[in-house]
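My questions will all concern the structure given below.
Order of writing sets the chain letters: A, B and C. Residues in each chain are counted from 1.
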Amino acid sequence: MSTAGHDDGHAAFQGVPGGAKAALEAVLMVLDQPATEEELAAGLELTVEEVRVLLAELQAEYNGYTDKAPEREQAGTAGLGSSPRGFELRNIAGGWRIYSRAAFADIVGKYVLEGQTARLTQAALETLAVIAYRQPVSRARVSAIRGVNVDSVVRTLAQRGLIEDAGTDPESGAILYRTTSYFLERMGISSVAGLPQLSPHLPGLEGIAEFYDADTM
Amino acid sequence: MSTAGHDDGHAAFQGVPGGAKAALEAVLMVLDQPATEEELAAGLELTVEEVRVLLAELQAEYNGYTDKAPEREQAGTAGLGSSPRGFELRNIAGGWRIYSRAAFADIVGKYVLEGQTARLTQAALETLAVIAYRQPVSRARVSAIRGVNVDSVVRTLAQRGLIEDAGTDPESGAILYRTTSYFLERMGISSVAGLPQLSPHLPGLEGIAEFYDADTM
Amino acid sequence: MAETKPAFEVRLANFTGPFDLLLGLIAKHQLDITEVAIASVTDEFIKYIRALQDLGEEWALDEASEFLVIAATLLDLKAARLLPAGEVESDEDIALLEARDLLFARLLQYKAFKQVAGLMGETLQQEGRRFPRQVALEEHFAAMLPDLVWKHTPEQFAALAAAALEPKAPRPTEVGLGHLHGGTVSVKEQAGILGRRLQQESPLTFRALTSDAESTLVVVARFLALLELYRDRAVAFDQVSPLADLAIHWTAGEREWSEENVSEEYEEQV
């Protein structure tokens, strides 16, 4: 758990206080999008496994120690070491990135206008949900599920970077859409597999699939 | 020096672990532009003096404790509390901002430059073209014209010094962008008025794409 | 969500589509979606469509038509329920049962998406309380970026701008008909047949207008054709009561309408 252990053998950090962990932290400071463990490892000339351990350590530090190192617990009462920091390190959309802690949203929101996007309308949310669960999917199919034309909503979602073009359907030539990594970031999940299950919301599902497929208009 | 002391009387932090110091830290972590003590105090609803004390505490924490609280010194040998973090809090020309620690400049620099090209992507070029001919213009408008989210491309163009902030739209409050004198210099023209008139059938379009990689940054 | 509101007040603008409206009505009557008492929601559904049409132009035909399709299905189902039990023997009855199951399946599916959309909305809002660190590159790093390669003339740049600014023609919503094989039926052609027939004799019922249809496809094409005619204000619909036959009146003059009016999107054969 000692940071010093990571210093050995890596010329770039040798003798620099904080060592590999601090170096990783320094890199995290300049990211403008989530970085994968592989990217971080390559940049720092560490193994992916080493980076993973360091990331977990940083994440725990930022969240405040509560379990290990009893002597820290004592020191912690004075502030550092036990109470969480104002920011957190999260693994989202396949990469790691620093975020301000949600508890301070109201205060941070006074300073940061960017990224504070307007709420999506019900129509936009439903369209986004269908695309997220059925991707890649054409507008026609989304329309069929929602029962209304979705052209303008799809355009808005694309402009907001939540969905993108995913090529065309070989059969119909229709443009297919999928969600973006920005969507994953906004949802706080690392992949679409992290979306809540759709099936519990489908009671009496037996037989629906055949109707569904018959229903591509 | 205890963080808990800052909790009292400030509704926004009450009961939030880390209190006022963590709130300040949250703001500093996502601030793009350096903020003055007065600006920080106003948003956090603290006095300037309180903010100053907290800033000093944070700065000391980031730099690693070496002087006070002997029990931390002991704990510090295990890593946290004594060794400096990978970032530092700096006051430059009256404004505070968190930077990556100078000691790691080589590693961070290498990471930042990795994969950077001297060329603009097609997406960046098109966005620049729209801004040049529609300036001053908001990102939302450019997004609507291009049909995709342009946030990260706009950041790249600004970083490259090709576009800049041109104030806010009085109606929507959105940031407007315009091209810079560096852009004019690269274009070899003396003013925006020197840009050629738009005509849909200008020759030369065919060949332009091959200068630029289609891949995105 | 509408389901949780004690006093259910319908404001059409609140509904994002026909399924949403149906779900709202079902919730209002506290019905189990799988055993919808068709009769109790059909009339209301029709009523809302009327109100919706009264709202005028803001509803595009393709939206209204989806409402109409569902209304027609509901009406058929309601009619079927009036049949004495146990008499589901004919092909028509079986088709009705299939239509019902299809409608329920689509409704259930929509309901599931509506629910997860609600969850997604909550997640997006919660996640919106975290702000990513996204700061400009520190100056000394920005200065290290390789010099920009700039290879094009102002003319080339202008051409690029022209292309980027050119309004992109919205690709029409494709109607996936790849799964439909068999004979081709043209909506335009059917519109012409209906137009000529209605100009000779009006009103005619939909039943009469489709009595000679040799296949379901032709019935569908004529239904679509009627919607087209309706949009062009060439016909009006009249129904004495929700269960009565649908009467179609010709309202355009003799030469005011021709099948050429039928929009491009139907030119391709159904």
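Rule of thumb we're sticking to: contacts are C-beta pairs under 8 Å (C-beta built on N, C-alpha and C of every residue); 3 or more make two chains touch, one makes a residue touch a chain.
All values derive from a computational prediction rather than experimental measurement.
Novice: Hey, which chain is the most central one here, using CA centres?
Specialist: Per-chain C-alpha centroids compared to the overall one single out A.
Novice: Farthest from chain B by Cα centre, which chain is it? Let me know.
Specialist: Most remote chain from chain B, centroid-wise, comes out as C.
Novice: Using mean CA coordinates as chain centres, what's the chain B-chain C distance in Å?
Specialist: The answer is 45 Å.
Novice: Can you compute the centre-to-centre distance for chain A and chain B, using the mean CA position of each chain? Integer Å is fine.
Specialist: 20
Novice: Can you give the whole-Å distance between the Cα centres of chain A and chain C?
Specialist: Roughly 35 Å, centre to centre.
Novice: What are the residue numbers in chain A that touch two or more other chains?
Specialist: If we look for residues of chain A contacting two or more partner chains, we find 28-30, 32, 87, 98-101, 108, 112, 114, 155.
Novice: List, in ascending order, every residue of chain C touching at least 2 other chains.
Specialist: 131-135, 137-138, 141
Novice: For chain C, which residues count as touching chain B in their complex?
Specialist: 131-138, 140-142, 144-166, 168
Novice: Using the touch definition up top, name the residues of chain A that touch chain B in the complex.
Specialist: Checking each residue of chain A against chain B gives 1-4, 12-13, 16-19, 21-30, 32-33, 42-44, 61, 64-65, 69, 71-72, 74-75, 78-81, 83-87, 98-101, 103-104, 106-108, 110-114, 155, 158-162, 164, 180, 182.
Novice: Residue numbers of chain B touching chain C in their complex, please.
Specialist: So the residues of chain B touching chain C come out as 29-32, 97, 99-100, 105, 108-109, 112-113, 116-120, 125-127, 129-130, 132-134, 145-147, 155, 158-160, 162, 186-189, 194-200, 202-205, 207-208, 211.
Novice: In the complex, go through chain C and note every residue touching chain A.
Specialist: Within the complex, chain C contacts chain A at residues 16-20, 33-34, 60, 62-63, 66-67, 70, 101-102, 105-106, 108-121, 123-135, 137-138, 141, 170-171, 173-179.
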